[in-house]
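Presented sequentially are two complexes of chain A, the first with chain B as partner and the second with chain C.
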Partner chain A sequence: MSEIEFLDWVRGPGFQIAAVIFVAGVIIRILEILMLGRKKNLAEARGSEMLGGLRTIVTRSMHDKATFQRSAFTIVSGYIFHTGLLLSIFFFAPHILMFKEVFGLSWPSLPTPVIDALAVISIIALLTIIARRMSNKVMRFLNTPGDYLAWLLTITPLVTGYMAFHRIGLPAPTLLAIHILSVEILLVLFPFTKLMHAFTLFMARWYNGAISGYRGVAS
Partner chain B sequence: MSDRKNTAQADLTLGEVLRKRGISRRSFLKFCAATASMMAMPPSMVPAIAAALEKARRPSVIWLSFQECTGCTESLTRSHSTTIESLIFDHISLDYHHTLQAAAGTHAEAARIASMEENFGKYLLIVDGSIPMGNPGYSTIAGVSNHDMLMETAKGAAAVIAVGTCAAYGGIPHADPNPTGAVSVGDLIKDKPIINVPGCPPIPVVITGVLTHFLTFGELPELDHIGRPMAFYGKSIHDRCYRRPFYDKGLFAETFDDEGAKKGWCLYKLGCKGPTTYNACATTKWNDGTSFPIEAGHPCLGCSEPDFWDGGGFYKALSMPTENITQNIIYAAAGAAAAGVAVGALNRAKKSKAQATHQKVKLEDLNK
Partner chain C sequence: MSASLEKGIHALKEQVDSTVAAFFSSCVHCGMCADACLFYTETGEPERMPINKVEPLRRIWKSEYTLLGRIGKLFGLTKKVDDKLLTEWETLVYDSCTLCGRCSMVCPVGNDIALMIRKTREGMAVAGHAPEGLIGATTRAITIGSPMGVKLPALQAQIRHVEESTGKTIPVDVEGAEYMLLLSSMEIMNFPEFIEAVSKIFDRAGVSWTISTEAFEATNSGIQIGVSDLAAELVQRIVDAAEKLKVKTVISPECGHAYMAIRWEGPNLVGKPFSFKVRHILEVLNELREQGKLEISSRETQKLTYHDPCQISRRGGVINEPRSLLDMVADNFVEMPDTGKMNWCCGAGGGVSSNERADEIRLKVFQRKKEQLDAIKPDAIVSACSNCRLNLEDALEEYNMDIPLLSLTEMLADHLAD
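This part shows the complex of A and B:
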């Protein structure tokens, strides 16, 4: 397989396979969770489930003082890498072209040097996160292979994307193909790893808030 | 290219031929220096190139054209007849070339056979066009299939130069669904040094540069991993593109006639394959250094790369998928919704069954 054939494969059939598995996997898993259902609450509602749920989605995304003091590192590095990652995924001009091709939607891009810097910052943040996870005894004890896998799946597209943009080490078509392939691997494994939190996070937060909302108390 | 002319000039060295043509020593050395710098050789090599070229005897060259469009020959003949490159090309002994030779029919074939016999083991074989393997009748010359003629002619060749993307990688005939079963020269010939000079067509000076290298050193230049001379194919179009600063800044032309296009911004969004294409267009340029496609406002098609015809469309940006993803995503979502509901229903049934069959354990049961 030549490097151009490799590139054509990841842009064609490879992309097709990954997109189908990702979409189908995410939908099946979400439906499975939603359809588990809950026992009917027989108590009279003293507030709105929806409002309480939505409020908690917001409040849980902000740290409270005590939590911040306890785990400042996790919160700061976590926010940095999530922000950098999301901005580089959704605001890099070539990526927006891809979304436009698939979904027909387009939006303005960030300047390329900004994306470049965000990618580097995200990579550094992810490295510090793994270093801490591996050096801290308690965290190491709590880590599962799934955690390492999720970390690897996340950092690989960032590193390969950076290498493809700066054309480091290998012929350019190979670098681009490896980058796209790393994203495809991410998409394929996404529904079956902790990466599903990107969707379930909001469901879980909403539900936590909804319970309190129903009872008419602050969550 | 008559035999008489060939014989008369075959005895002369290149230096003698050039002097006869009125080429001054100064312009000859200038050519050697240009060639050296073009091929990334140190200036100290210039005298060596000059000395070698001075003494070089005109090598016999056989040019075979298979499934091709003659664009490669057209390109070569536009290497500007007044320049010294074309003179050098005049003074190899081009013993067989469909388009350029005077002889026709049996005489033409006789010239090829005669040259092969006379220069066995020494002649250069240049091929343009791919070779059909589906049916020998798809392309024949004088009743001989392309495959048979290539194999026969390659036997006595010192080296083979595959000119153009068709000869180098199959090119357009090889494009999906490859109706003729087209293959490249390198797919068939395994026991000779092969140099690929791809492009659709290749840049004239690249063809003459490779020949110059061969005349100077008697061997082929350093090649990359897919057989292309590093001197010309070592850098990508993107890395040498004068519009690269716009790419780095994220300034793109969105259409062929918007403000960005008028300002000469990067053509990435219009499908430019410059980032994945290795060729010398951005530096050597075309039409005697006038410009190259990107300079004329058109994205690079990636013509010097294998399978350039199958990249999902010339106007599709490199970051875009080449297949219709949207449709399959819709099907996948619909299928998954049905499957998800089915799985959920199964889970519920399991839960209800568990509840129905749930038995309460009494204290007496435990004491039994």
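This part shows the complex of A and C:
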């Protein structure tokens, strides 16, 4: 396969396969959760379940001062890499072009140097995160191969994207193809790893907030 | 597989619902829940971190309720729940967790880990992996009617004492009363002043109330050990008595888990809404305050702080009421750092105090509370749970700290206008 054929494959059939597995997988995982259902609460309510749930979806991204101090590293590094990652996925001009092709929707992009910086910052944040995962007592205790896999799946597109943009080491089409392939691997494995939290955390936060909200506590 | 293990696994399966599945699917192994749990912060032992405590439930969810897990199970790749696992986890699930729910407030993805631990106990208990102390308390609650073995004559004797000292009659088994007061065994045995205080306040406020001789025990060991059938039986006794006396509201006393049991779990345990309301004593007192029926003639001048009982504040929703009441009666009220819904547990809830095996760790994790107290150095601690109160008194003594414990209800009664 020539480099152009490789690029064509990842852009065509490769992408379609990945997208189908991603979408089907995510839907299955979400249905798998929702179909379990949950019992109606028969106790007299003290507050609103719905409002409590919606509130916690938002407020769980903001921690009180003492919690922040106790878990400062996790919170700060988490914020940095999530922000950098999401902005570089959704506000990089070539990505927006791609979204336009697939969904027909487009939006303004961020200047390329900004995206470039964000990618580097995210990569650094992810490196510190893995260093901590390997050294911190609690993290080492919790670690599973799935944690390393999820980390690898997340950092690879960032690194390959950075290399493709700066044309480091290999011919440009090959670099681009590798970048797209890394995203496709991410999409395929997404529903079956903890990356799934990107969707389920809204449910988890809603349930948490609803359970507390029903009792009149803002969680 | 032994019959009890099979029952345990079945019980764990029954506990998996969409909340549990959403929580497990979302955990990113960030470790933040560890920083929120006194059993981790005070021991530094990673296995005591919150999310680890629910491993048995996680295994059941994974192998039975996820696509990947089910495929894995066909090839024998999933981790099993067996007696060895449950034996190992017993001390984590029961001795190292007070169900305080603080972890559930910080998990960034929103996992209600305390709820999952409560659910894990359902499987552990039927599989025969609950601590002796809790089994004993639950058995006594079912057969005698009280986890501490307190029988009706003991209550009647305390009532007589109170009547002698106040000269007022305590209304017993009065049909059509507005309120029916429940008591915890601890109040009957260790703090009968509570009955006296309620009697005094209600008498001044002209409240119609009663105590039922058929259901006076408020605590529910069934929910602490995690056996819903038994918990439901204990709740049903209260429901029957309240319906028989046709009361409008049942009052949960100064006991945290009793409030959780009757107010929030109760109707769900017996499977139907109550025909009466359930209120915590502090809610009732605050209502009386709002109606101007709680008149005081003197105020507390010493430096007071309030210890939020987890099941009443964070898990129960009664957070503002004690503060409004304290505002009314205290000149120098100071909050601890981390308070209200973020308060730290005293270390003895969730059945830990009934479990002698956990004594050592209970006293150890009290260091968290000690730090909070050292930060503000109060003259006295006010609280609204006899279990917290007993434990705080015990632990303060252990740490050579001379800070008296006050019940909010009793304190109000002391300052009541004649």
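By our rule, the second predicted complex is superposed on the first by the 219 of 219 C-alpha atoms of A that agree within 3 Å, B and C clash if a C-alpha of one lies under 4 Å from a C-alpha of the other, contacts with A are read in each partner's own complex, and residues count from 1 in each chain.
Please note the rule applied: a residue touches a chain if its C-beta (ideal position, glycine included) is under 8 Å from a C-beta of that chain, and two chains touch if they have at least 3 such contacts.
Just so it is clear, the model here is predicted, and its values are computed rather than measured.
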{"item": "Chain C versus chain B on the shared chain A, clash or fit after superposition", "value": "fit"}
{"item": "Touching partner for A:Tyr207 - first (chain B), second (chain C), both, neither", "value": "second"}
{"item": "First, second, both or neither for A:Glu32, with chain B first and chain C second", "value": "both"}
{"item": "Chain B versus chain C as contact partner of A:Phe103, first or second or both or neither", "value": "first"}
{"item": "Chain A as apex of chain B and chain C, Cα-centre angle in degrees (nearest 10)", "value": "170"}
{"item": "First (chain B), second (chain C), both or neither touched by A:Val23", "value": "first"}
{"item": "Chain B versus chain C as contact partner of A:Val76, first or second or both or neither", "value": "neither"}
{"item": "Chain touching more of chain A, residue-wise (chain B, chain C)", "value": "C"}
{"item": "Touching partner for A:Thr112 - first (chain B), second (chain C), both, neither", "value": "first"}
{"item": "Partner chain in contact with A:Asn143 - chain B first, chain C second, else both or neither", "value": "second"}
{"item": "Partner chain in contact with A:Pro173 - chain B first, chain C second, else both or neither", "value": "first"}
{"item": "Shortest span in Å between Cα atoms of chain B and of chain C, once chain A is used as the common reference", "value": "7"}
{"item": "Overlapping contact positions on chain A, where the chain C interface meets the chain B interface", "value": "28-29, 32, 34-37"}
{"item": "Residues of chain B defined as touching chain A within the complex", "value": "169, 225-226, 236, 238-239, 247-250, 252, 268-269, 275-276, 278, 302, 305-308, 310-312, 316-323, 325-326, 328-329, 331-333, 335-337, 339-341, 343-345, 347-348"}
{"item": "Complex contacts: residues of chain A adjacent to chain B", "value": "2, 4-5, 7-8, 11-13, 15-16, 19-20, 23-32, 34-37, 93-95, 97-98, 101-104, 109-113, 115, 167, 171-173, 176"}
{"item": "Complex contact set, residues of chain C against chain A", "value": "16-23, 25-32, 34-36, 40, 44, 46-47, 49, 51-52, 65-68, 104-112, 115, 263-268, 271-274, 277-278, 313-317, 319, 337-338, 341-342"}
{"item": "Residues of chain A defined as touching chain C within the complex", "value": "28-29, 32-39, 41-44, 46-47, 56-57, 60-61, 63-64, 66-67, 70-71, 74-75, 78, 136-144, 147, 150, 192, 194, 196-197, 200-201, 203-209, 211-212, 215-219"}
